[in-house]
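As structure tokens, here come the structures.
The two complexes that follow have subunit A in common; it is paired with subunit B in the first and with subunit C in the second.
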Partner chain A sequence: MNLASKTVLQHRKKLSGYKLQEQRMGYLFILPFAVGFLIFQAAPAVFSFVLSLTNMHFMSNVSNLKFIGLQNFVELFHDGEVMRALGRSFLYSVIYVPVIVLFGLLLAALINSRIYARGAIRTALFMPYISNMVAIAIVWSVILDYRDGPINNILRSCGCKNPPMWLMGEHTVLPTIVLIAVWQGVGLYMVTYLAALQNVPRELYEAATLDGAGAFQKFRNITVPLISPTTFFLVITAIINSFQNFGIIQVLTQGGPGEASTTMAISVYKASFVQYRMGYATAQAMLLFVLILIFTMIQWKGQKRWVNYE
Partner chain B sequence: MERKLLKKVLAVLLTASMSVGFASGCSGKQEGSSGTKAVSESQASEQKVKLKYAISAKNASETGQKNMIAEINKQAKGFEIEEDVIPGEVADFDQKVMVSLMAGDEMDFLYTNDNTVAKYAKADVILPLDDLAKAHSFNINSNFGDTIRKINGKTYMLPCTRDVHITFYNKSLFDKAHVPYPDNSTWTWDKYVEDAKKITNAKEEIYGSYMLDWDTYFTFSAKQKGVSAYKADGTSNFDDPAWSESMKFFADLGNVLKVQPDIVTYETKKLQWDGFMTGKYGMFVCGSWALSMLSDQKTYPRKWKAGIAVMPMVESGKESSLSIMGGYSICSTTKHKDEAYKAVQMLALNEWKIPNTGRVPDLVNLSDKEKLSAMKSLSESLSFDGITAQQLENCILSPKINLVCEKVVGNGMTTINDLIPKEGQLYASGQRTLAQTMKEIKTKSDKAISDDKNK
Partner chain C sequence: MNNSKKIKINMPSVLLTVLAVFMACCCIFPFLFMLSSSFKPQGQVFEYPIRLIPQHPILSNYRTLFSRDQMFGQWYANTILMTLLTLLIKTFIICITAYAFAKLNFKGKNFIFIIFLSALMIPGDVTLVQRYVVYKHLHLTNTMWALILPASFDMYFVFMMRQFFMGIPNALTEVAIIDGCSHFKIFYKIMLPLAKPAILTMILFSFVWQWNDYTNPYIFITDTSKQMLTVGLTMFQISQVNNYAVQMAGATLALLPIIVAYLFLQKYFVEGIATSGMKG
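Presenting the complex of A and B:
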């Protein structure tokens, strides 16, 4: 071996030593997070899965705990109440995701253009996002008061004899909750879209204008493709958020009237803290987890077709 | 080289300190508490046995509870009660106690009622008291009567108080409408409606009646008639016409007779359980625990005076009221069974004598004088309204009143008690027919019962 190749070898060894050292340091730095993740997230998730395979019930002694395989899962697919709750979760999601994403984009486009009191409007639109859920529930209860709330008063003055019962109506409660949730969360979507819109190069619009493109063509062929990574991120976030609707429903209607606003999240709560069936409740939570995972994976795979990262 | 080493050491130290800090955040408190536990346990073994009494933060702050603990600790030999404060109130408190007991946390005794005692007993987190009573030569039946609640033939709670539904009425509104005050002997639901109609003045937003959206209000008359929520075969009995009659009665008061806010107004206006204290309602039927609002002039400042009467009867001459017993049970995790039993027995027999506890004794062998004296401290707190001990006794302790449990107790009870008002709301708000509502309640209750049985 000549001197040059020896030097190269030494240099490579030194490099791999550095690399190894760097890797070790990297692992050391992520260690606190990894420990926390394992203890507080991974372990409970595994424990939950194990629990879903048992008959655990608060109303029976732990010594009666039995491993029952997939019985909870079989039961929940035959349980009309759970299946109806699942249907409502989908309905919630189907309304929530497109409305919040489109509305967020629309508001961002408006804020991005030169309008009067832009800063104040942006702040006002973002305010509900950081507001307390209980306060929001009280305000909306007053606004949607069936007897003499402002919305129904306006509807009555326009000739509507039987205005909707909103949160009290069996058929109106779910869409009403979704709209309140959209109102609360749209600020974040707007701000995220605003950042994306401001990153679209001006020159592209100028070039398109010179080529004679109209506003809609510019929006469709320049804006939409260039903000597609943001749209992708927001759609995934919206789908996940739409299934995590426990807080808003519990505060506004507790799943009622009847079971009209009982979604999967509420059903899991009821199974665990009303019926005390922890094993069954965990099986429902697992089903919800798998469904969200499937949707996210489909989105992830499908992104190549419409998300533009260039 | 040295710098590199120093960097490495610093990185390792930083990582280690973060990990230790992270872990100690979880474990430090436990080490501290177990240390304290060890000290207190060694002290306890030298002195009196310390009994852990599971109590909510709100109850722990009440004067009556403080008096009770102080008084019992003064009188007790061989044990001392110490509070084990569990966060949360009512249902939250029950859930946390249940989880703690199931996890094996040591507690000696706790306050229960007809509803919660059944849940705890089913979960095996409280002990049957019959053998302990026998060992202490205490006859449960001769003290509390043969009707004391038993679960699978065993007694799990020694009652220290009874809560009985009564009628609260606003004397000013009765006077204004020239309606005589309710008379216990003739006080029926028909009379209640008749008086409520006379008092109601829609223009001034005055209603003769006020009812809540709680499960009991949808089922008043069925329960008063003693109709069981279960059939002999164990399925639900909600197809018995008595249940639909009581559901209809509640809805009609608001929708047809218009003597109280209808359910839509109640829900959308977010009317509160203590709405009667606004002075806009003529009558309010509720448990005797609500008497505390009459004595609370600070929260409810008012000029008008209130009176009380028995719960309206379904049929004249058949006095019947909804009630719930409260008492003490021994936790299965206790290490001091005997001392815990002594404390529970002592409380059941004597707590009502301790000032400000608000307890109404559930003992059958009380003399008339004792009954009157039991009501005396309560009546003193109601002096503004001029409610006497005799009136309280007539409404709460009269042996003529047939007491019926206000809650559905049995298989699937938590689900059933929860679904009655939820389904009832759909009917009372005109979105479902009565037949549909009762069918829905029956189907869902049957499922809850079957789920509970098959667990």
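Presenting the complex of A and C:
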């Protein structure tokens, strides 16, 4: 009896020792990440509030910054170039988000249906996602070359007299960039959807078949609602990613021709690293961030109406 | 007759397969076009109808890349070193952080986790300027550390690895605790080996993202000799203006390691996404 209680006591002591050790280990383990987070993520984020209220110039030191209040924000709302860039960013997102989500779903449904050589096809469809933006840009600008590119050559031999200008055309440039961005990114949406489709219980389809439902009806009434959480997740991801288009535009057109593909991300870059107006550029970036936040929040609020959680 | 073995050919399946193959071709045609152009003289890149197998394959485009007045080899070496260092540091940091959030109890854990998580809401392009100012004051700009360090503190993978660690039953660690194992030993000897598939997925995605990154080296690295492959390729576009064949050779070499890794380890890419609900 005595011996037993002694060992229990010992165990308790040991366990409380472990609890303490656990606390210490916990803090120790997250310490490196916390430091890195503060320097590389929190500091720039907090800094943007400060910077957007100053007249900071590329060469100036932080020590001789001048606070100019909301002047940058007042200026940018009167800046036609910035406002047009904002419009293009919207246009880009409005095309990009539905197209990539829808295409991802269609490809996933296609792969998930009874087809031959599924593995090889899936491998091919995901390949653009892992490849390099710059390499892609080089290849696509050759393929879509207005004069000699293979696409326009094919169009001409099919009798099309005025094939599109693609990246060189003022009106075609933005949709073309979106097309390339979707081509590159859709693999991820497909694979994510594929996982969701495979989680839909088979019995539901079997029951629906017995009730005489057709393939399209089954897709509409069973598949779409059941994968709606994935759709929601992908729409949010797509919105955030759609505003993140600096890389692809810079390598494809650098915002041209003229300013026809200058979106907010490019405008921020130009303001800071071409005009050297860091303060003004940060104010533009803040505007962009607030817009992304609003978009995401609208989605978040709206999810109750169409997302089914089990 | 041989046809006695009834081969059931399902018409809808055939049609769907044709459609899927067409889509797949759209996805790989640019790669085949790139590969074949890189073995052609410049004059034949635009020939029509397109010939995917060059008539007389040549290697001179690749030779141009590595000739003495080009820095292609240097950029390649920079990118390899930068990517390797990132993977090393990142894997270590992410694993210990994710493990702590998943399996250790400490005060304020959930609060800290949510603060970290909120960083995922901010797209990188939005903080480009501010990051430049911060890195410049830390004297990180124009060194590869400006690319390595920020990539190492990636909350996205902390989240993914935490989910994975949480899936490992606590019973395993409890037994080890009673046996007198220290927390570090539990992490190192029990958890890490179990997490191998998840770690591999993380390494592969990080490899692809870091190797392919264009924006960060473009903004943070200024010396041509310290530049990375992606940005180097765009410089090539400027210096070899109309020599598309040489550009294609450069693009091919830039993609090579990634595509090889993908073809051999694609299981970890695709399944990694499926199990962790990955995003881009």
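The rule is short, and it goes like this: the second predicted complex is superposed on the first by the 269 of 310 C-alpha atoms of A that agree within 3 Å, B and C clash if a C-alpha of one lies under 4 Å from a C-alpha of the other, contacts with A are read in each partner's own complex, and residues count from 1 in each chain.
Throughout what follows, a residue touches a chain if its C-beta (ideal position, glycine included) is under 8 Å from a C-beta of that chain, and two chains touch if they have at least 3 such contacts.
Not measured: the values here are computed from a predicted model.
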| item | value |
| --- | --- |
| First (subunit B), second (subunit C), both or neither touched by A:G149 | both |
| Contacts of A:I121 with subunit B and subunit C, given as first, second, both or neither | second |
| Which of subunit B and subunit C A:G36 touches, first, second, both or neither | both |
| Superposed model, subunit A: greater residue contact from subunit B or subunit C | C |
| Contacts of A:I292 with subunit B and subunit C, given as first, second, both or neither | second |
| Partner chain(s) touched by A:T282 [first = subunit B, second = subunit C, both, neither] | second |
| First (subunit B), second (subunit C), both or neither touched by A:F273 | both |
| Partner chain in contact with A:Q244 - subunit B first, subunit C second, else both or neither | second |
| Contacts of A:M165 with subunit B and subunit C, given as first, second, both or neither | first |
| Partner chain(s) touched by A:L102 [first = subunit B, second = subunit C, both, neither] | neither |
| Doubly contacted residues of subunit A, that is, touched by subunit B and again by subunit C | 25, 29, 32, 36, 39, 62, 138, 145, 149, 273 |
| Sites on subunit A touched by subunit B in the complex | 25, 28-29, 31-32, 35-36, 39, 55, 57-62, 81, 138, 141, 144-147, 149, 165, 167-170, 255-259, 270, 273-277 |
| In the complex, subunit B residues that touch subunit A | 11-12, 15, 18-19, 22-23, 26, 95, 98-99, 102, 119, 122-124, 264-265, 267-270, 414-415, 418, 422-423, 425-426, 429, 431-432, 440, 444, 447-448, 451-452, 455 |
| Touching residues (chain side subunit C, partner subunit A) in the complex | 10, 12-14, 16-17, 19-21, 23-28, 30-31, 33-34, 37, 45-46, 48-50, 93-94, 96-97, 99-101, 104-107, 109, 112, 116, 119, 121-134, 137-138, 149-150, 152-153, 155, 158, 177, 182-184, 208, 211-212, 214-215, 218-219, 230-231, 233-234, 237, 244, 247-248, 250-252, 254-255, 258-259, 262-263, 266, 269-270, 273-275, 277-280 |
| Residues of subunit A that touch subunit C when the two form their complex | 15, 18-19, 21-23, 25-27, 29-30, 32-34, 36-37, 39-45, 47-48, 51, 56, 62, 107, 110-111, 113-117, 120-136, 138-140, 142-143, 145, 148-150, 153, 183, 185, 187-188, 191-192, 194-195, 198, 233-234, 237, 240-241, 243-247, 250-251, 265, 268-269, 272-273, 278, 281-282, 285-286, 288-289, 292-293, 296 |
